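Same chain, two partners: chain A is paired with chain B first, then with chain C.
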Partner chain A sequence: MKSIEVKHLSYRYSADTELVLQDVSFNVAAGQWIAIVGHNGSGKSTLTKNLNGLLAPTSGEVVINGTTLTEDSVWDIRKQIGIVFQNPDNQFVGATVEDDVAFGLENRQIPHDEMHRRVKKALSDVGMADFATREPAHLSGGQKQRVALAGIIAMQPAIIILDEATSMLDPKGRSDVLGIVQALQTRLHVTVLSVTHDLEEAALADQILVLDGGRLQATGTPKEIFSQVDLIQRAGLTLPFVPQLTEDLKTSGITLPETYLSEEELISALWQLHSKM
Partner chain B sequence: MDKLILGRFVPGDTWIHHMDPRSKILISFYFIAIIFLANNVASYALMIAFTLGVIFLSGVDQKFFFRGVRPLFFLILITVLFQLFLTRGGHVYWQFGPFALSQYGIISSIYVFLRFMMIILMSTLLTLTTAPLMIADGIEALLNPLKKLHLPIDQLALMISLALRFVPTLMDETMAIMNAQRARGVDFGDGGLMKRVKAMVPVLIPLFVNTFSRAGDLAIAMESRGYNGETERTRYRVLQWHAVDTIAIIVMVVLTAALIFARN
Partner chain C sequence: MAITFKNVDYFYDLGTPIATAGLKNISLTIPDNSYTAIIGHTGSGKSTLLQHLNALLKPSHGEVQIDSRVITAETNNKNLKSLRKKVGIVFQFAEHQLFEETVGKDIAFGPMNFGATQAEALEIAREMLTTVGLDEKYFDVSPFDLSGGQMRRVAIAGVLALKPDILVLDEPTAGLDPKSRQAMMDLFLELHEKRGLSIILVTHQMDDVADFAEHVFILEQGQLIKSGTPQEIFNDYQFMLDHGLGLPKATQFALKMRQQGFKVPTLPLKEAELVDLITKQLTETEQ
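Up next is the complex of A and B:
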């Protein structure tokens, strides 16, 4: 089943400016993790805003779970998509953690008891149950982002979009948030779309879309994308550590059969090479 | 700066802390209204006894109350002096031009002083024992009937709670901007009034710009979580009326009756 379908999407902010997105088309199957990568100004954020109707496409079409995004369907579509944004401070609506998680539920007129149950569950899912009555000023960036994620989990969306959600976090906060999303994806089979310029994060995805200058430059699995070094460089991105190491080994004369994603894969490949020598 | 605004709430575990914010707000306003009924020694003594009793029950350290009085010190002083020297009647002890020290003047200045102190103490008590968020909730609940007049109470409540939520964030940001400007040579504590006002410009402009961009981000986040400002929303936090609230209302009725009996 297709979760997200984007057909020939183009977008410009006003009539006399250039197109920010040009003829972007892709499909995401339900339960997949898709990463959209590109450097600053490549149109990633504009693309996410087109997906939940915060912006209306100049031309083309967005279909979410079989429903075409129109002015009438926009609120129904927003119910199916939860977005975690970049800045943890600017998306914290509630005066306390639990109020913030409940905000989306209040908007959907979820009854009081059900709401309390879901807030509790969502906070324990992200490991923030002990912080329920804290105020945002007393939380770290990573904790705020986990609360934002809990707010999305409580709404039980079919699609979670991470719009550079980890870019302002320290390495620990980043791996925490990504770990929670991964667990959620396997447990509840939600579709995850992560927008990022961090290719370490993109390596977690089933598919990577490379966006540059508002055009979709390439689509493929992380291995396929990471083996195309010139593509990555043209898009202004940097390879993650392991593919970069594979690449560096190649330039110093040690050619390995393919590009590896994890350290374990690379280590066992190096052992094999060593035993052959 | 953080301490100044939100630090005024002192968490505690007394009857008064557990009261519903609605009854606390109503009682505070009611108390301020009936204080003007007091007109003799007996009625003032009654009100003072009540105020001190409530302060004792709240278990809040007295030094917080002094802090509540301090900013209004000059207002109290000027009003009391006006009462003291410009009221005439009874025995006159001293006179100079339009000023006179009379029997009635002394009595009414003492009354004004007591009235001032009690109003300040009671309103300080309200903010000391009620979390800002609860005050916002209480105000919203009390304003709710105004929906009949098509006033946007829900939006107003959301506005208040967002404003409260952003106070510490903006305080932190102001500090960060001030430090960043200090690092570039701006001196905030030095020079005359004009120079100091001018020094605030490089703080206020980035603060304004950042606040608007925050508001934009927040609006987008709220909208993508299904907020549209029109449809009715359910409420996560529900205020609960306890027995102690009913008792407090009864106490106020008894106090009013005693006050009317005591005045002449």
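Up next is the complex of A and C:
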């Protein structure tokens, strides 16, 4: 089933400014993990806001789980989408951490006991159980991001959109949180759209969308995208570590037949070369 | 301008039931003209420490010395202006510092506040806008109509416009695209090497620590738990992993090679060192 359909979407912030999204079309099947990458100002956040109706398309159409996004359907559609914004401070509504996490559930008629259980579980999942009664504004940067993530983990929406939601987490925190979202994806068949500048994270996605100057330049699997060095260059990106290392090894005279994405693949290719010598 | 912390404790909401320790008994020295990285988990006290560097926060106990200036719990808020001109801080959510009607005025605010004329300040602002890689067309745009990464660049430009002697950076590249991140890190390095600025960088990117820092301090739960050169701290990789801190990608890759059976006599920190190591391994066996 198609979870998200975007058809010829264009957007401008006001009549006298240029289009910041131009004729963007793509489909996402339910249960997929999609990474959206692109240079600063390429239109990623604008796109995510068009998906949950915070912004309305200048032209084109957004269809969520079969329903076209309109003024009438927007409230129902928002219940199916959980977004974590780029800046967590713009998102906090509760006076305490637990209220804040509960807020998204209150809007969804979830029974009180169930709500309480989910909030507790989500906070412990992100390592913030001890902070339940603290004020969100008075947390460290990474703690704020964890609380914002707990909000959508508790909500368990059909679609999760993360807009650079892990940019301020420490390395272990980042992989923990991505692991939790991945578990939701597989267990509940949640669709995940992750806007990220972390190419290592993008390399783990099912599909990557590359935005460049408001246009969708390419879509494909990580392997397809990261083997197009030209495309990456033009879009203002760089290669993840392993493909970059592969390129640099080739330059220094080592024969490697393909593009590798994971450390394990490249190491075993190198080991084969080593053994043959 | 050296910086010294002597037995610094900091408590948020001191004297109330919700008092929380931000820093515990921190003693450290950051030499003049150095490039220092401060790393540690979420909530370990990094941002709290940084805010002591221009007396935005004052130690609950102990003292912070910056150049000849000593700051303690009793220091009053007068006469901090010269300190704040010398120490420029790019905060973690730097976007929140933006407030003016236009990008240009926002960047010019600092210089004007420290005595530049409007014309001079706008001139500096224009220069800084290009320095951080933003097109001139954004000069008269509202900073609130920018993308996240564009806002961050404006905030960085605003701090650079003060021409500080010490540049304090709290995860300055979060939200920047990969190319801009490299360009920004190169810019900071150039300011350090060519203009002698001290750089104090908080980061979760171990590659940046390996590539740029001369010295590293590691915080955990408000305490200083380790310090050393990048080589020293990453050689103790088990410590880094046990404390959930991660390793530079080249180091991590080399460790996996070692597990596979490759000989890895010294651990590389940078990608170039790793390329060397692999090339040697694969050519030496040939002979």
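Heads up, the rule we're going with is that the second predicted complex is superposed on the first by the 254 of 277 C-alpha atoms of A that agree within 3 Å, B and C clash if a C-alpha of one lies under 4 Å from a C-alpha of the other, contacts with A are read in each partner's own complex, and residues count from 1 in each chain.
Quick note on the criterion: contacts are C-beta pairs under 8 Å (C-beta built on N, C-alpha and C of every residue); 3 or more make two chains touch, one makes a residue touch a chain.
No experiment lies behind these values; they were computed from the predicted model shown.
Q: Could you classify chain B and chain C on chain A, in the superposed arrangement, as clash or fit?
A: They clash: once the shared chain is superposed, the two partners overlap in space.
Q: Contacts for A:81 in the overlay, against chain B (first) and chain C (second): which applies, first, second, both or neither?
A: Touch partner of A:81: chain B, not chain C.
Q: Thinking of the overlay built on chain A, is A:238 touched by chain B (first), by chain C (second), by both, or by neither?
A: A:238: touches chain C, not chain B.
Q: Given the touch rule stated above, what does A:199 touch, chain B (first), chain C (second), both, or neither?
A: A:199 contacts chain C only, not chain B.
Q: A:109 in the overlay: touching chain B, chain C, both, or neither? Say first, second, both or neither.
A: Touch status of A:109: first partner only.
Q: Which of the two partners, first being chain B and second being chain C, lies in contact with A:248: first, second, both, or neither?
A: The second partner, chain C, only.
Q: Quick check on the superposed pair: does A:89 touch chain B, chain C, both, or neither? Answer first, second, both or neither.
A: In the superposition, A:89 contacts both chain B and chain C.
Q: By the touch definition at the top of the document, which applies to A:141: first (chain B), second (chain C), both, or neither?
A: Touch partner of A:141: chain C, not chain B.
Q: After the superposition on A, what does A:155 contact: first (chain B), second (chain C), both or neither?
A: first
Q: State the stretch of chain C that overlaps chain B in the combined model; pick it from 61-69, 79-87 or 241-249.
A: The segment of chain C occupying space taken by chain B is 79-87.
Q: Quick check on the output: what are the common chain A residues between the chain B footprint and the chain C footprint?
A: The overlap between the chain B and chain C interfaces on chain A comprises residues 87, 89.
Q: In their shared complex, at which residues does chain B touch chain A?
A: Going through chain B, the ones touching chain A are 132-133, 136, 161-162, 164-165, 168-169, 172, 214, 217-218, 220-228, 231-238.
Q: State the interface residues of chain A toward chain C in the complex, per the touch definition above.
A: 13, 38-42, 44-45, 86-87, 89, 138-143, 146, 164, 167-174, 197, 199, 236-238, 241-242, 244-245, 248-249, 252-254, 263-264, 267-268, 270-271, 273-274, 277
Q: Using the touch definition from the top, list the residues of chain A that touch chain B in their complex.
A: 49, 52, 54, 75, 78-79, 81-83, 85, 87, 89-96, 98-99, 102-112, 115-116, 119, 135-137, 151-152, 155
Q: Along chain C, where are the residues that touch chain A in the complex?
A: These residues of chain C touch chain A: 12, 40-43, 46-47, 92-93, 95-96, 145-150, 153, 170-171, 174-182, 204, 206, 244-246, 249, 252-253, 256-257, 260-262, 271, 274-275, 278-279, 281-282, 285-286.
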